[in-house]
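Going in written order, the chains are labelled A, B, C, D, E and F, and every chain counts its residues from 1.
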Amino acid sequence: MQPGADTPEAVVELAANVDDATGETLGHAAAALLAAGALDAWLTPIQMKKGRPGTIVSALVREADAARLSIALLRETGSFGVRRRAWERTVVERSHHEVDTVYGPVSVKLGTLGRERLFARPEADGVAERAAAAGVPFRVVMLAAEAASRSLLSAGPSS
Amino acid sequence: MQPGADTPEAVVELAANVDDATGETLGHAAAALLAAGALDAWLTPIQMKKGRPGTIVSALVREADAARLSIALLRETGSFGVRRRAWERTVVERSHHEVDTVYGPVSVKLGTLGRERLFARPEADGVAERAAAAGVPFRVVMLAAEAASRSLLSAGPSS
Amino acid sequence: MQPGADTPEAVVELAANVDDATGETLGHAAAALLAAGALDAWLTPIQMKKGRPGTIVSALVREADAARLSIALLRETGSFGVRRRAWERTVVERSHHEVDTVYGPVSVKLGTLGRERLFARPEADGVAERAAAAGVPFRVVMLAAEAASRSLLSAGPSS
Amino acid sequence: MQPGADTPEAVVELAANVDDATGETLGHAAAALLAAGALDAWLTPIQMKKGRPGTIVSALVREADAARLSIALLRETGSFGVRRRAWERTVVERSHHEVDTVYGPVSVKLGTLGRERLFARPEADGVAERAAAAGVPFRVVMLAAEAASRSLLSAGPSS
Amino acid sequence: MQPGADTPEAVVELAANVDDATGETLGHAAAALLAAGALDAWLTPIQMKKGRPGTIVSALVREADAARLSIALLRETGSFGVRRRAWERTVVERSHHEVDTVYGPVSVKLGTLGRERLFARPEADGVAERAAAAGVPFRVVMLAAEAASRSLLSAGPSS
Amino acid sequence: MQPGADTPEAVVELAANVDDATGETLGHAAAALLAAGALDAWLTPIQMKKGRPGTIVSALVREADAARLSIALLRETGSFGVRRRAWERTVVERSHHEVDTVYGPVSVKLGTLGRERLFARPEADGVAERAAAAGVPFRVVMLAAEAASRSLLSAGPSS
C-alpha cells in the first residue's frame, strides 16, 4: 500500500480555472475536496481573460475517486467544466516515530526510499500543540523537533 | 456537442515558460490565442532560473486546433518551445436564460449536470452594461442578478 | 469607535520579507499575529535575491499594539528585521443582522458609509455551518444568504 | 506639471485586502478606479486568513482625488475598509514622437530625466493596431518599433 | 536532435507540492535539478491546506532522466512524493549567430520553425557581460542587441 | 550601527510597477539595485491594466541612498516613474559564530533582541558550499547546521 521508488501509483489531477468565485468560496472548495478524500488540494493564482484575476482549483485524487470528486469540484466552485488527467506518483515509504524535546514528545514521519532515509519530518499539528502549550513560537519548537529527529536519519548515507 | 457528466471530451493543454517577454506581449499573446479559437488562455506567475520572474503562457484548445495554436503560441511569445498534453474535460450542460432586475434584464447561463442544476450564472458582460447604464457598481448589479437567478435553480436539489 | 468616512483611524502596517521559513511556519506566523490582536495578517508571494522564492509577512495593527506585535512577528518568523509605517484607514460602520434562508438563519454584516448602505455581507463562518448541516456546498448557501440579505440594502441608493 | 528628478510629486496609495469578491468583480473594480481618474490600479494575489486566497486592490491617486476614490474603492469591492498613505513620486519628463516602421508609423514616448534620455517606448495600443492590420504578432511589431525608436535616444549617454 | 514543428519530442514533467521547505531550500532545489540535467526547472507559488503558502517545484526532463531526477527532487526538497507525466514538446530549430553593437559583439540565438524565422534572441548572459563592461543597464544593451539582430530575421515573413 | 528593539532606523522603500520589461530585465534590475547598495530588493507579481501581467520592482534603501537608487531603478527598468516612502525598521542585533557539523564548519548568524536570543541562522552560502563539497543536498546540510546551532540559543528563554 506504500509504493516505493519502483512501484509508482496512478493518481489523477483535477483542475478548474475559476474567475467567478470569491476567496471564501475557493478556500471552502479546497477544504471540501480534502474532506471528501482528495490526496491533496491547492489553489494557484493566475491571470484570466478580460483582466480578471483567477484561481486554478486543483486536486490530486485516487483514480477510483476521480469521477466523484470531479462532481464535487463542480459543485463547490460552480465552474462550468473540470479537466482531469493521469499522473504517475512515487511516494516514499513513511513510518511513524516519536522524539523527545524540552517541549514534550513530538510525532515524526520518517521517509525512506529503498534503503535511504530521506527525511525525518516532525508533524506540524503536533508541533503546534507543543508550541501553544509552552507559549513558544511554532518555529522554535519545530527547530527543536527537527534537531531531535536527526538521530532517526543516522542509519542512512544522507546523515 | 455538450458533453455531460458521462461523456468527457478530449482537450489539449499548451504551455510555454517565458522569461523574455514583457507583460504587454504576454497580455497580447493570451488575447491572441483566445481570438484564434482557444477554449481558454491564462498566465501563471512563476520563478524561473537565474533569478528571473517568469510566466507560464497556457491555453486549453480542441485537439483539432492543437497544432495550429501551438504555432500561434510560439509566434506570439517568441518562446523556443511549446509543450502539449491531453486532458479529459467534463463540462456541464449550459442553457441560456434571462432574468429581470431593477437594472434591466440580464442574461444568465444555467449549468446542469445530469438532472442537477448546479448554478445559474449571470453573464458578466451583460451585468457590466447594466451597471454602466445605471451608474452603479458591477458588484451591486451582479448581486441583484444572482438573486433574480435563483428561481432558475429551484427545480433541483441544490436550491 | 466606528470611524466613518470622515474620521479615518490611524493603523500601522508591519512587514518582513522572509526566505528562510517554511510554509508551515509562515502559516502559523500569520495565525499567531491574528490571535495576538492584529487587525489583519496576510502573506504575499515574492521573488527575493539569489533565486529564492520568498514571502512578505504583513500585518495591520493598532498603533498601541505596534511594538508588541513587531516583536511577535520577529519571534514567529525568525526574521532579522521588521519594518513598520502608518496608514490612515477608513472603515464603514458595521451593524449585525440576521436573515432567514431555507438552510436556517444566517448572520449578516451590513456596512454603511454615511447614509449609504454599501453592502450586506453574510458571515462566512455561519454560512459554512449551515452548509455543513445541510450537506450543501458553501457556495450555494452563500448565494441564498446574499439573496436574503438584499432587503437590508433597500433603504439606500445602492439597491 | 511634469516633475523631474528634483521635483517629486505627492501621490496617495489606496489599498484594501479582499477575500469576498470574485475575479470578475475585482477586474471591474480596478478598471472602474482607472476610469474614475486613478493614476494606476493593480491587483496583488495574497493569502489571507482561514485559508482564503485574497487580493489586494491597490490604486495610486492624486491627493485631491484620494477621498473620492477611497469611496469608489469601497463601493466597487464591497470591502469594509480602505487604507491610504502618501508616497513621493518622481516621474521622468515625457515627450511624444513618431517613428516609421515597415508596419506603418508608431507613437513613441521618450522619457527624459534631466538631460539623460532614459527610454524611448513605443505605445502599446498603437503597436497593437499596426500588428492587427498587418496580421503580425504584437511582439514582432514592438521589436520593429523599438529598433526604430533608438535614434531618439542617441543624443544622450544611455545610447 | 532538433525536432521541428513536425517532430515533437517526448519530455516528462516532474512536480511536487512543498509547504515544509524554506525559500533557500527551494531555490537550491531548482538550481540542483538544472545542474543535474533538467531541461528546465521552475517554482510556482500556491496556497496549500491549513492556510500554508506553498510552492510547486517543477522540472521538465528527458524521459531517460526521469527516474534519476525524480529521486533528486525528493532528496532536494524532502517531499514525500513526486508526480510525473509525459508531454509532447515542439521546439524551434536554433542556430547561433553574432551581431555587433556599440557595446561589443553579442551572441544571438535565431529560432526557425520550418522556413519561418520566428525570433532572433540575444543571449542574456552575454548581454549582461557587455552591460557590466560598459557600465550601462542590461535593458539598454538588450535593446541595442535586439535592434542589431533584426537583420537576421529579414529572410522570413515575420520581419 | 545595529539598532535594537528600541532604536528603529529610518529606511526608504522604492517601488515601480512595470509591465513593459522582460523577466530577464527584471531579474537584472533587482540584482543591480542590490549591487548598488540597496538593503534589499524584491519582485512582486501583480496584475496591471489592460490584462497585462506586471511586476512591482521594490527596494529597501538607506535614506542617504534614496535619490541615487531611485535613478538607478528608473534606468534599470525603463519605468516612467518611481515612488518612495519612509518606513521605520527594527533589526535584531546580529553576531557571527561558527558551528561544527559532519560536513565541516558552518557560519551562523545569531540574532538577539535585547537579552533574548531569537534565532541562530546558518548562512545559506556557506551551507551550500559544504553541501556541494559533500555531494549532499543543501537541505540536509542546513538541517545539520541548524541542529548544531541550537547550543547558541541556550542562554535565552527561547530555547
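Keep this in mind: contacts are C-beta pairs under 8 Å (C-beta built on N, C-alpha and C of every residue); 3 or more make two chains touch, one makes a residue touch a chain.
This structure is a prediction, so every number in the text was calculated from the model and none was measured.
Trainee: Among all the other chains, which ones are in touch with both chain C and chain F?
Mentor: A, B, D, E
Trainee: Using the stated contact rule, I'd like to know whether B-F or B-C comes out ahead in C-beta pair count.
Mentor: If we tally the C-beta pairs in contact for B-F and B-C, the bigger total goes to B-F.
Trainee: Tell me, please, which of B-F, B-E or C-F gives a repeat of the A-D interface, judged by over half of the contact pairs matching in residue number.
Mentor: B-F
Trainee: Averaging only over C-alpha atoms, locate the centres of chain D and chain F and give their separation in whole Å.
Mentor: Roughly 28 Å, centre to centre.
Trainee: Centre to centre, by mean C-alpha position, how many angstrom separate chain C and chain E?
Mentor: 38
Trainee: Two or more other chains in contact with one residue: find those residues in chain F.
Mentor: 20-22, 24, 30-31, 43-45, 47-51, 53-54, 75, 78, 85, 124, 137, 140, 158
Trainee: Once you've mapped the touching chain pairs, tell me: line, ring, star, complete or other?
Mentor: Chain contacts: complete, every pair touches.
Trainee: Using the touch definition from the top, list the residues of chain C that touch chain D in their complex.
Mentor: Against chain D, the touching part of chain C is residues 5, 8, 11, 13, 30-31, 34, 40-45, 60, 85-92, 94, 109, 111, 113, 118-119, 121, 124, 158.
Trainee: Going by the contact rule at the top, pick out the chain C residues touching chain A in the complex.
Mentor: Residues 21-22, 24-25, 28-29, 32, 75-78, 124, 128, 131, 137-140, 142 of chain C touch chain A in their complex.
Trainee: Can you list the chain F residues touching chain D in their complex?
Mentor: It comes out as residues 17, 20, 44-50, 54, 56, 67, 70-71, 74-75, 78, 80-85.
Trainee: Using the touch definition from the top, list the residues of chain B that touch chain C in their complex.
Mentor: Per the touch definition, chain B meets chain C at residues 47, 49-51, 53, 102, 136-137, 140, 143-144, 146-147, 150, 158-159.
Trainee: Across the complex, what residues on chain C touch chain E?
Mentor: On the chain C side, the touching residues are 18-24, 26-27, 30-31, 43, 45, 48, 50-55.
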